[in-house]
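First, the structure itself, so that you have it in front of you.
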Amino acid sequence: MGDFPGHALAGSFFFIMGLWWSTKSILMHVCKKQKRACFLGSKALFHRSEILEGMVIVGMVLTGIVCLQSAATSKEGQWVRILRWHHLTIYLFYGLCGVVNILCFTITSLPVSLTKLMLSNAFFADAFTLYNHTHGREMVDIFVHQLLTFATILAGLVAFIEFLTRSKVTLVLLRSSLIMLQGSWLWQAGFVLYAPTGGPAWDLEDHSNIMLLSLCFCWHYAFICIIIGVIYAVVTWLVKWRLKRLSPSEVELLKNDEREQESEEEV
Amino acid sequence: MGDFPGHALAGSFFFIMGLWWSTKSILMHVCKKQKRACFLGSKALFHRSEILEGMVIVGMVLTGIVCLQSAATSKEGQWVRILRWHHLTIYLFYGLCGVVNILCFTITSLPVSLTKLMLSNAFFADAFTLYNHTHGREMVDIFVHQLLTFATILAGLVAFIEFLTRSKVTLVLLRSSLIMLQGSWLWQAGFVLYAPTGGPAWDLEDHSNIMLLSLCFCWHYAFICIIIGVIYAVVTWLVKWRLKRLSPSEVELLKNDEREQESEEEV
Amino acid sequence: MGDFPGHALAGSFFFIMGLWWSTKSILMHVCKKQKRACFLGSKALFHRSEILEGMVIVGMVLTGIVCLQSAATSKEGQWVRILRWHHLTIYLFYGLCGVVNILCFTITSLPVSLTKLMLSNAFFADAFTLYNHTHGREMVDIFVHQLLTFATILAGLVAFIEFLTRSKVTLVLLRSSLIMLQGSWLWQAGFVLYAPTGGPAWDLEDHSNIMLLSLCFCWHYAFICIIIGVIYAVVTWLVKWRLKRLSPSEVELLKNDEREQESEEEV
Amino acid sequence: MGDFPGHALAGSFFFIMGLWWSTKSILMHVCKKQKRACFLGSKALFHRSEILEGMVIVGMVLTGIVCLQSAATSKEGQWVRILRWHHLTIYLFYGLCGVVNILCFTITSLPVSLTKLMLSNAFFADAFTLYNHTHGREMVDIFVHQLLTFATILAGLVAFIEFLTRSKVTLVLLRSSLIMLQGSWLWQAGFVLYAPTGGPAWDLEDHSNIMLLSLCFCWHYAFICIIIGVIYAVVTWLVKWRLKRLSPSEVELLKNDEREQESEEEV
C-alpha cells in the first residue's frame, strides 16, 4: 500500500461504502416519512441487502489483501515487511467486521448490535495501527496520517454510539460522512505523498503545507456534507416520482400488503 | 481577520447569538412553567423564529466573508493567504449550519436534530482549524488561540450531547454560555494581540501573561454566568408583568386558544 | 493559599462536603430500601437540608476568601498576586455553585439540575485554573498539582453525568469519594510542599518521589472507599436500631403519615 | 512481579476471568434466546456463581500478593520496593472489587451496580499505577506498558458504561475481550522483557520493535475475537444438544417450573 494505487484502492472502498450507507439510510428514512407504500423498503429486501453488504466488504478486503501481497517483493527489508503487515492487519479487522455482518443476519440468535460493535472495533484497530505507523517519517507525512487517524477515530466513536443507543438516521449519516472523509482523504494522501500526476512532489518539511492540508481536510468534509445533501434531494424526488407513477389502486394494494406484514410481525 | 476589527466582528456575532439563544430558551422555559397563556411562545412564532435564526446566521457569515475579502490585498504572501482561507473555512461551516437551519424548518421531512448536528460540526471544524492555525507563533498568541479552541470544542460537545439526547433548557443555557464565552474571548484576543487602544502591547513571551489570561478566561465565564442569571430574572419578571396586565378574561381566552391548538396537534 | 494552613483549610472543606454528601445519599438509599417509615427522610427535611448545604458552601467560600486576603501583604510581587487571584477564582466558582444551590431550592421555577451543572462547572473551572497554575515550578510540585487536577476533572465529569442522567446513589457515592479524594490530597500536598511538621522537606526533583506519590494517591482513594463502606454499615445499623426502638403503633402512624404526604404530592 | 513468572501469573488470572465472563454471558444469552427450559440458567445458580466469582477473585489476589511478597528480599533498594508496592496496590484494588462482589450478592440492600463501579475503579487504578510505573525505563519497555495501560483504560471505560446503562450481552463480551487482551498482553510483556526461553532478548531501543509490538497487539485482539466466536458456537451447540437429549416430558416440566418461578417473581 506504500504507493498511489494502494491508497486510491482503499480510498475508493471507503468512499463507496460511505456513499452506499448514506444512500440506504436516506432511502429508508424517506420511505418511512412518506409512509405510503414503502415498496422499496420491504424488510426482506433490506435484510438481504445487509448480508450482501457483508459479502461486499469481505470481497473488498480480499481484493485489498491480494493487491497488497502481489506488490510484495522478496528483497524488501524488515521495515517494509512490518509496514505491509500493518496494512494486512487493518484489512483483517474490516474482514472480521464483514464476516460478523454476514453471520448476524443469517443466524438469528446473534444480537444485531454486534455488527456495529465489530465496525467500531475495526475503525479503532485501524486508527491504532495508523497511529503507530509513522515512526521516523517526515512532518507532513505524519500530519496526513494523523488526520486520517483522526477521521477514523471519529467514525469509530460514532459507530460505538450507534452500538450503545438505537440507530438514528442522523447518526448513520454522520458515520457515513466520516467514512467518505476517510476515503477521500486516502486519495488526498496518495496525491500528497506520491504525486502520481508527475508534477513536483509536495515539500514534506514545509510548515505552510500543514496549514494548507488542515484546510483541505475541512473542505473535503464540507464537500461530503454537500454530496449527502444532494443525495437526499435526489432520493426524495425519486421516491415521490415512483409513487406518483403508480396508479392509486396499486398504492392501495401496497398499503394492504404492508399492513399484513406488520400484523404478522406483531404476531 | 488578522486585525482587531475582524476579531471584534466575529466576537460580536458569537456573543449576540449566545445572548439570543439563552434568552429564547429561558423565555420558553418560563412560559412553560407559568403554563398560563403562553402567548409569547405560540408554536408558529417559535417556528418562524428558527427560520429567521438561520437567515441571521447566513447574513452574519456573508458579512464576515465580505469584510474578510475586502481586507485582502494582492501583495499578501502565501502564508497570509492560507490564514485568510482558514477564516473563510470557519465562516463556510457556520454558513452550512445556517442553511441547514433554514432547510430543516421549511422542509418537514428533514429531521430537526440535523440542525444540532450541523451546529456541532461547525464548532468542531472551527476548533480544528483554530488548532492548526498557530504554527510558528509566539507563546501567548498560541495560548490565547488554545483557550478559544477549548471553548469551541466544549460548545461543540454540548451541541453534540443535545443532538444525542432530547434538549433540556439547562443544556441550551450551557451551550449559549459557551458561545458567549467564545464571543467575549475573541474580543479579549483582539485586545491582547492588537492593542487597539494604542497602549503598550502585551508581552507575548511572558509566562506570567499566560497565568493572567487563564485567570481572565475564568472571569469571562463567571461574568457570563451572572449575565444569564440576570436575563433569567428579567424574563421571569417580564412574563409575570405581562400576564398581570392582561384582564382575566383575556387570559381565559388565551387558555382556550391553547387548548384548541394542543388538541389540534394531538390529532 | 501558598502555605500549609491554606491547603489544610481547603482540604478540610472538600473532605467535609464529600463526607456529608456520601452520608446523606446512603441515608436516603437505606431509608428507601427499608421502605417502612422513612421518618428521617421526610421530603421537607431533605429540601431544607439542600438550602442549608448551599449556605454552608457559601460560608466556607467566604471563610476561605477572608483567610486568603488576610494573608496578602503589600510587598508581594506580581507573580504571587496572580497566584492569589487564581485561588480567589476557584473559591468564586464554588461560591456561585453555592448561591445557585440556594436559589434552585427556594425558587421553584428554576430547574433542579442546574445545581449539578454549576457544581460540575465549579470543578472544571477549578481544574482549569490548577492546570495553568504551575508554570515554572519543580517536577514533584507540578505532579502533585496534576494529580489534584485529575481528581477534580473526574469529580466534574461525574457531576456532569449526574446532570445528564437521573441521579443514582452509586453515582453520588462516586462523586463524594472523588471530592473526599480532593480534600485528602490537598492535605497531602500541604505536607509534601511545606513540611509543617518541621521534618526534612521532600526532594522536589526526585523521580522516585513521583512514583511514591502516585502510590499514595491510590492508597488515599482505597482508604476513602473503605471509609464509605464503614459509613454504609453504620448508617444501616442506625436506621434499623431506631426502627426497632419505635413501638409498632408508631411505625404504623409513620406509615400512614407517609401515605398521606405521597397522596398530597400526587395531587 | 518484575520477572517472567509474575507477569505470567497475573496474565493467566486476567485471561481466565475474561474467558469465564464471556462464557457465562454467552450461556445466559443463548439460554434466554432458546427460551425453552433454561435449566442451566436458573437464577439461584447464577446468583451463587456471582458470589463464587467474588471469592475466586479474592483468592487470586491473595495468591498474587503472597507470590509477590515471597519474592521480596531484604537487600532490594528503595526503587524496587516502590515498584513492588505498585503491584501490591493494583492487587489491592482488584481485591476490593472482589470483596464488594461478595457483599453485593449477600447483602440485598446494596445496589448491584456497585460491583461494576468497583470493577471500573479497579481497572482505572490499575491503569493509573501502570502509567506512573515506567519512569526512566527503555523505550520498548515503556511502550509495552503503555499498551497494557491502554487495554486497561478501555476495559475500565466499558465497565463504567455497563455501570451507567443496563448490561447488554455485547457490552459484557466487549469487556471480557479487553480483559483477555490484558491477560495475553501480560504474557507477551513477560516474553518481551524477560525472554524466559533463553533466546536473545528483544532490543529495547529499536524503533521497529515498537511497530512490531503494535502489530502483535492487534493480532492478540483479533485472536481473542475469534476465540469468543468459537466459544459462542460451542455453547450454542451444547445447549441445543442437552435440550435434545431431554425427553419432551422433561422439557415440559422445566417449562412449567420456569413459569412458576417467573410468576413467583412477579408476585
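Couple of notes before you dig in:
Letters are used for the chains, namely A, B, C and D, taken in the order the chains are written, and counting of residues starts over at 1 for each.
By our rule, a residue touches a chain if its C-beta (ideal position, glycine included) is under 8 Å from a C-beta of that chain, and two chains touch if they have at least 3 such contacts.
Predicted model only: the values in this text are computed from it and were never measured.
Put simply, the chain farthest from subunit C by mean CA position is A. Taking each chain's centre as the mean of its C-alpha atoms, subunit A lies 32 Å from subunit B. Averaging Cα coordinates per chain places subunit B and subunit D 46 Å apart.
The multi-chain contact residues of subunit A, meaning those touching 2 or more other chains, do not exist; every residue touches at most one other chain.
The touch graph of these protein chains is a ring, one cycle where each chain has exactly two neighbours. Chains touching one another form the pairs A-B, A-D, B-C, C-D.
Against subunit C, in their complex, subunit D makes its touches with residues 78-79, 82-83, 85-86, 89, 92-93, 96, 109-111, 113-114, 117-118, 121, 125, 128-129, 132-133, 135-136, 163-164. Looking at the complex, you find that subunit A touches subunit B at residues 29-30, 33-34, 161, 165, 168-170, 174, 207-208, 210-212, 214-215, 217-219, 221-222, 225, 232, 236.
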